[in-house]
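Going in written order, the chains are labelled A, B, C, D and E, and every chain counts its residues from 1.
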Amino acid sequence: MSFDYSSLLAFIIFGVTIGVVYGIVALGISLIYSGLDIVHFAHGEMYMFGAFFGLVLAHNVGVPYPIALIGAMVLTALLGMAVERVFYRRLTRAGGGYTVAGMGMIICGFGMSVALVNVAYFIWGAEAEPFRANLDYIPRLSFPGDIEVPESYVLTAIISVALMAALHYFLRHTKTGLAVRAVAHNKDIAYLMGINVPLMISLIFGLACALAAAAGVLIGPMQSVQVEMGYLMLMKAFAAAVVGGFGSLPGAILGGVMVGVFENLGAAYISPSHKDIYAFLLLILVLMFKPSGLLGVEAKVKA
Amino acid sequence: MALLETRNLSKSFGGLQAINDVSLKVEPNTVHGLIGPNGSGKSTFFNLLTGVYQPDAGSYIEFDNVEVTGKPAHYIAEQGLSRTFQLLRLYGELSVLDNVLVGFHPHTKYSSFAPFFNGAEVRRQDQIVKDEMFELLEFIGLAEHAEIPAAELSGGQRRLLALGRAIAMRPKMLLLDEPGAGLSPVNVDSLMDTIMTLKERYELTIVVVEHILKVVMSTCETISVLDHGQKISEGTPEFVKNDPAVIEAYLGREMADEDIRAAMDA
Amino acid sequence: MGILSSIADFIDGLAKRHRLLPWLLAYLFLLPLPFILATVFNEYLIDLANRICLFILLAVGLNIVKGFCGQVTVGHIGLYAIGAVTSAVLTLEPGGFGGALGFGWPIWAAIPTAVLVTAFAGLIVGLPSVRLEGAYLALATLGLGESVRIFIAVTPALGSSTGLMMIPAPSIGSFVFDSFTSYYYLVMTAAIVGIYFSFSILRSATGRAFQAIREDTIAASVNGINVVKYKLLAFVLSAIYAGLAGALFAHMPPGYLHHNNFTVIEMVTLLLMVVLGGIGNVWGGVIGAIVVAIAYDQTKDLVFYFMDRPVVVQPLVFGLSMVLLVMFMPRGIGGWIEDFQRNRRFIRRSEERLGGTARNS
Amino acid sequence: MLQINDVHAGYGNLKILRGVNMQVPTGGIVTLLGGNGTGKSTLLKAVSGLIPLMEGEVLFDGVAISKMKPHERMRLGLVQVTQAKEAYPAMTVEENLVLGAYTRRDRARTLADLERVFEFFPVLRERRKQLSGTLSGGEVQMLVIGRGLMAKPKMLMLDEPSAALAPKVVLEIFANINRIAKTGVTILVVEQNVRMALILAQYGYIIRDGVIMMEGEAKKLISDPAVKESFLGGSVANTAKALRN
Amino acid sequence: DDIRVGITMRMVSENGQAYGQMMMDEIKGINEAGGIHGKMIKATLMNDECKSDKGVANANKMVFQEKVHLLIGSSCSSVTLPIVDVTAKAGVPQLVPHSTNSKITQKGSEWIFRVPVSGRYYGGVNAKYVGENIGTKIAYICAADAASVGDCANMEKQMKARFGVEPAYRADVQEKEVDFRSHMQKIKSMNVDGILVAALAETMARALVQSYEAGIGEGVRRIGSSSASNAPVPKIAGDAAKGVFFTAAYAAADQRPIAKLFNEMVKSRYGIHAPDHDFSQAYDLVRIMEIALKNTNFTGSLADDRTAIRDAIANVKGYQGLASGPISFCAAATPQCRDGNRTAVLIGYTKGGENFETEVLARVTMEEDFGLE
């Protein structure tokens, strides 16, 4: 059988469309990491809660899809801030780094993830819920070779790119963005600079959770919404964030797209049952050759 | 025969040439000073010697007649080259005694798997080493605090411990990076005593980086001066302090109080 | 406190006279445990004790790499899986009932082989640590651990979704370790020996090298410690523990393995044990394993009725207690022990000093 | 400008400061001296709000600030430069400096101030795109002082600005501090370099074990034999001698 | 003195909680009606999270600590498989509510009784129907959970045996795969007669939706594995569920009065639109247990009582409840004796969504030895 270029193109397109979603979740993870020096293991649950908030808004309240998207982002941001304020604040105050406190953060994140899943389970039950969105106003994309990209994917790509651009502008070109980065490294000094540190921390968390929620609402119509949806997304987003380089925002997107394409190609040409391994494989490969990720900066401290 | 010799030692970080073609010899059983403006590359020089950084191509470092260019840090340490850090880098959670025991590591006689197969031997040897290290702690005056974690020591005691850990390696040569920084004037004086005693008691060769001129001027036989990564002067303290290049780059003019006040107001 | 310190003094005294004596005493003390449990309570608790022993092995092993050497690994459970699956596959009969791969080896050859294979896998899991730190290392090892699990889950030869079944129980001659009580002696011995070795390592130059790397890698290398070698060594040592625990788990009746025994949740439970017990403290891992396993078991049938709906609260309690634990007891139970020991040492030291000066004067 | 009344403070249960009284007049330069571990840095932290007061009060510009958050005090114009080595290692020199001006809204003036800092410390201009984690010790010291200046402070508290600096730079730093003071900024400086500090300052305090042991005109202190005995035993004073010999 | 019954199930899943609750409710009903020979049934419910180690621990706890007379569980094949050995060794009768893996009864335990239809029967029914009514060019999408792997393998084996055909396309995907677009893209160009999607409910629903999104027309029939009967499939797949058919052990479209009553009961008590076969099996299980317990002579010795209960269950013959066919057990420890229900119904969705509708296409009873070669 001769090599089929049009299906290769199809696999790449599929990879990219799902990859941007990994990218926006990774963006949030990366933001929290660069902002607070913690790897947030409960971020998958923020994504899940975001999806459910969107679902409730769209189905039970009955608002249009775009409003549901924004509403879910706001609600999840509030949830994230509350979680951070009540639970994580104590730990981050004790110091970042990956010594005892850092390990604590990993466990705390996992614990929070388990707790949140069960809270969600209590509210919404374990059964998956369909998320039907009316997206008729978005065009369907057709590519040569009989490849069709449904409207939900088109919308996802557009919104993801817009979100990334907005965030990038915020962090690189506003003073608040600079302050956010300052808080990351040393909270004492940030205080002395006159930065309202607690507020910045909440802001970082809120932003990151809003991004996750956006991903959840965007992906809802494609994959339905379920309490356990967070874990798999978390793994992919971690891989994306690391591949792109923790703390680098364009990196998160690049990483997301790479993970998406890589796993789709692997599933198509090697073996579909090993699909989840490909993301990790990519992660480990990249780390071995460029430990700080593709676009990450190496902040080596002087000896 | 020089104990340590570098030839054409260079190191650049990105576009910055931190060390540029430095050739230097340190004679055995001397105290050798290394001074220079901030950022002139003194700490980098130490980092290159001890294998913390890898030098650029074309560099050559020889220690005790063995070429150690680009060798890993632990290998160089095993050859008998020991150092302290500008920021100390103590093992905060380990006890004072354990800190010096880690310093002794290169001389451990049993293999790293021995605790599995030969526990008795491990314990016997450790006991001997512990006694020896206890003596060392007595010498630097920390024996009383042997059991407490290093992080609980006061600033001055930490500097002593850093020194102790470096000596525990039974080195042939000791590199001290700003041992006096942040010490109050009284403590600086006792530091100078310690350096001289070390040299005598352990027959050490010492290279010391220090901005407190008193320390280098009164303990060193030879002083080398770095500026922008290059060696600009070398010689006896007497020679160096009168070298116009050194005065220009580093020392500045010697001034009376009134002159200083005038300079400040200018 | 008074009783505690007199017990501690007593043990110290024993240890001075003969190094192994306290261990032998502990072993003797634990020998009749199954009979006590079975008569006073019930047989099930022996099963629980067996599982606790496996957790102890795992936690103590994890403590070597995490607590002593400071390398954040989230892939330990993958090593456990490798140990278990290797030993199982080696002992299963070829073409046996489950349809999985089988080599029909004798168990006593399979277990050491599985431990060796796991040690080698530990080396591989440890490789990222050469270049990575902190969060990156955590994620890389998480990736490796999950990959192991997924690989098992999709490979029919390794059981895939139906699992490996009817893995034989160990036997010596005609004596088969297939009851709770007989298996207890196997795993309890393994756990005690494991704890003992963990102490031996910690108190040797090897252990100090691990700790130095944990505290400051650059300083350690300058102190003549081959950082790469010791990091890998820590991973290999902890893999040996994981491999042994895995193999013992595989052969423990009913001899069944399934990939979902090795998920991230299990990994986190392990981390929880180590942290609850106190990171970097050998007894910490032991205590953590005991406390978590018992707590988990006791809350199992906690079902609340909310508006006539049964709600299983255990997972929620489990998650929240993890969060609260880290928040309010970051140094774990081991932290208390350390403080206690430090105080005792301090008191003794000042007594000695006072005694010394008294003699001099 | 700054008035410290009977301040007690410390870490956790550990009390370090036990009733400190001090005044810094507007536009003046005051120095705080003392041996290692006597509580100098602790006092500065208590004033800037990084640690809470146990007793006593602090007035800044006539306002009681004891209960304020650090960033609120900073907005009043009270800026602290901590004991060296505390720049943001993963940010460039320039970003560090811009951060110093975080509370300010006047962009044009901020840029002008950036230029001014570069004039004070030309090395920083050379290194403006370098990550500050890779600077040498002295360079970091200059960076953090420069960053303090960027906030346009009414009062600047400096913790050992000359530590670990080359002799020639020490004078530069002090001269710069003096120039900064001339622009109307009140200065409180903690130092180990006693001689230079007393030449620079108008008034000095000497702290020991958490209480002010001695105070007076700098000119008087410099020639006070008691001070000489406890401090002038080493450092710069003797450097001069060592060089002359 | 009570009759102690232990139940271990996956509680946090699909309807897991509702099955468990229904069992508890039914047992309560028995107790309220006077119990068994005046004895009350004391049931303990534990969550095994569908994990074998937890399931085994639960089983041990119930057997040795709670000292149950009878064990019910688990709902996951991978948990039931090891528990079979636990109950076999301890001598405790075990009733399986809905694990279909054929190996469960092949282990040869005297103590195991399976209420649901064993997976080995489903493949045959499916294959026969597909080959005769749809075509033999079939694409397979098989998820990696225990049930679906079995369903796929059985179907493939039977297609080969009956029609001599291999799969036209086969993809083994992960248990919780979310993105099937590349497979659908490939299948689209192949002109297959049908697509078998063997996966758990949510996964299957996603695959069905994405098959339409990829542009595979209605002409290609979609075949589900047994979990297609779970409500999430029509609910999530929506219109894409229409036309999907599958084999199961109970049809909500069953016209028998008992089935209609049951549907109403489930709807009013648990708010579920139409019960799937997991519900009916859980219900049947309690009834079978009740029959067996009533036929047991309790002596007061735990071991004897357990044996007596086992023998009483083995004596259950021709039970006609909700199940697709009569359930009979016998004494031998063979699959022939212990796979009680041998009748599979072929069901098709006629409408998707929350208020989905189904129709019964066929009902087939297999030989005892079928699928055992």
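Note that contacts are C-beta pairs under 8 Å (C-beta built on N, C-alpha and C of every residue); 3 or more make two chains touch, one makes a residue touch a chain.
Worth saying up front: this structure is predicted, and the values here are computed from it rather than measured.
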Inset, instruction - Would you identify the chain whose Cα-based centre sits farthest away from the centre of chain B? - result: E
Legend entry - A-D against C-E, pair bridged by the larger set of C-beta contacts: C-E
Legend entry - Centroid-based (C-alpha) most distant chain relative to chain D: E
Legend entry - Intercentroid distance (Cα basis), chain D paired with chain B, Å: 29
Legend entry - Whole-Å gap between the CA centroids of chain A and chain B: 47
Legend entry - Separation of chain A from chain E, taking each centre as the mean of its C-alpha atoms, in whole Å: 37
Inset, instruction - Go ahead and note the Å separation of the Cα centroids belonging to chain B and chain C. - result: 41
Inset, instruction - Send over the residues of chain E in touch with two or more other chains. - result: 12, 17, 144, 172, 174
Inset, instruction - Two or more other chains in contact with one residue: find those residues in chain C. - result: 150, 154, 218, 315
Legend entry - In chain B, residues with contacts to at least two other chains: 43, 52, 85
Inset, instruction - State the interface residues of chain C toward chain A in the complex, per the touch definition above. - result: 66, 70, 72, 74, 127-128, 131-136, 138-140, 142-144, 146-147, 150-151, 154, 218, 264-265, 268, 271-272, 275, 279, 306, 311, 315-316, 318-323, 325-327, 330-331
Inset, instruction - Could you pull out which chain B residues touch chain D in their complex? - result: 13, 16, 36-40, 43, 86-87, 154-156, 178, 181-189, 211-214, 217-218, 241, 249-252, 254-255, 257, 260-261, 263-266
Inset, instruction - Could you pull out which chain A residues touch chain C in their complex? - result: 33, 39, 87, 90-91, 94, 97-108, 110-119, 122, 231, 235, 238-239, 242, 246, 271, 273-274, 276-277, 279-281, 283-284, 287-288, 291, 303
Inset, instruction - Name, in rising order, each residue of chain A that touches chain E in their complex. - result: 7, 10-11, 14, 18, 118, 121, 125-130, 132, 146-148, 150, 222-224, 226, 228, 232, 264, 267-268, 271-273, 275-276
Legend entry - Sites on chain D touched by chain B in the complex: 35-37, 85, 123, 130, 134-139, 141, 160, 163-169, 171, 174-175, 178, 192, 194-196, 199-200, 222, 230-235, 238-240, 242-244
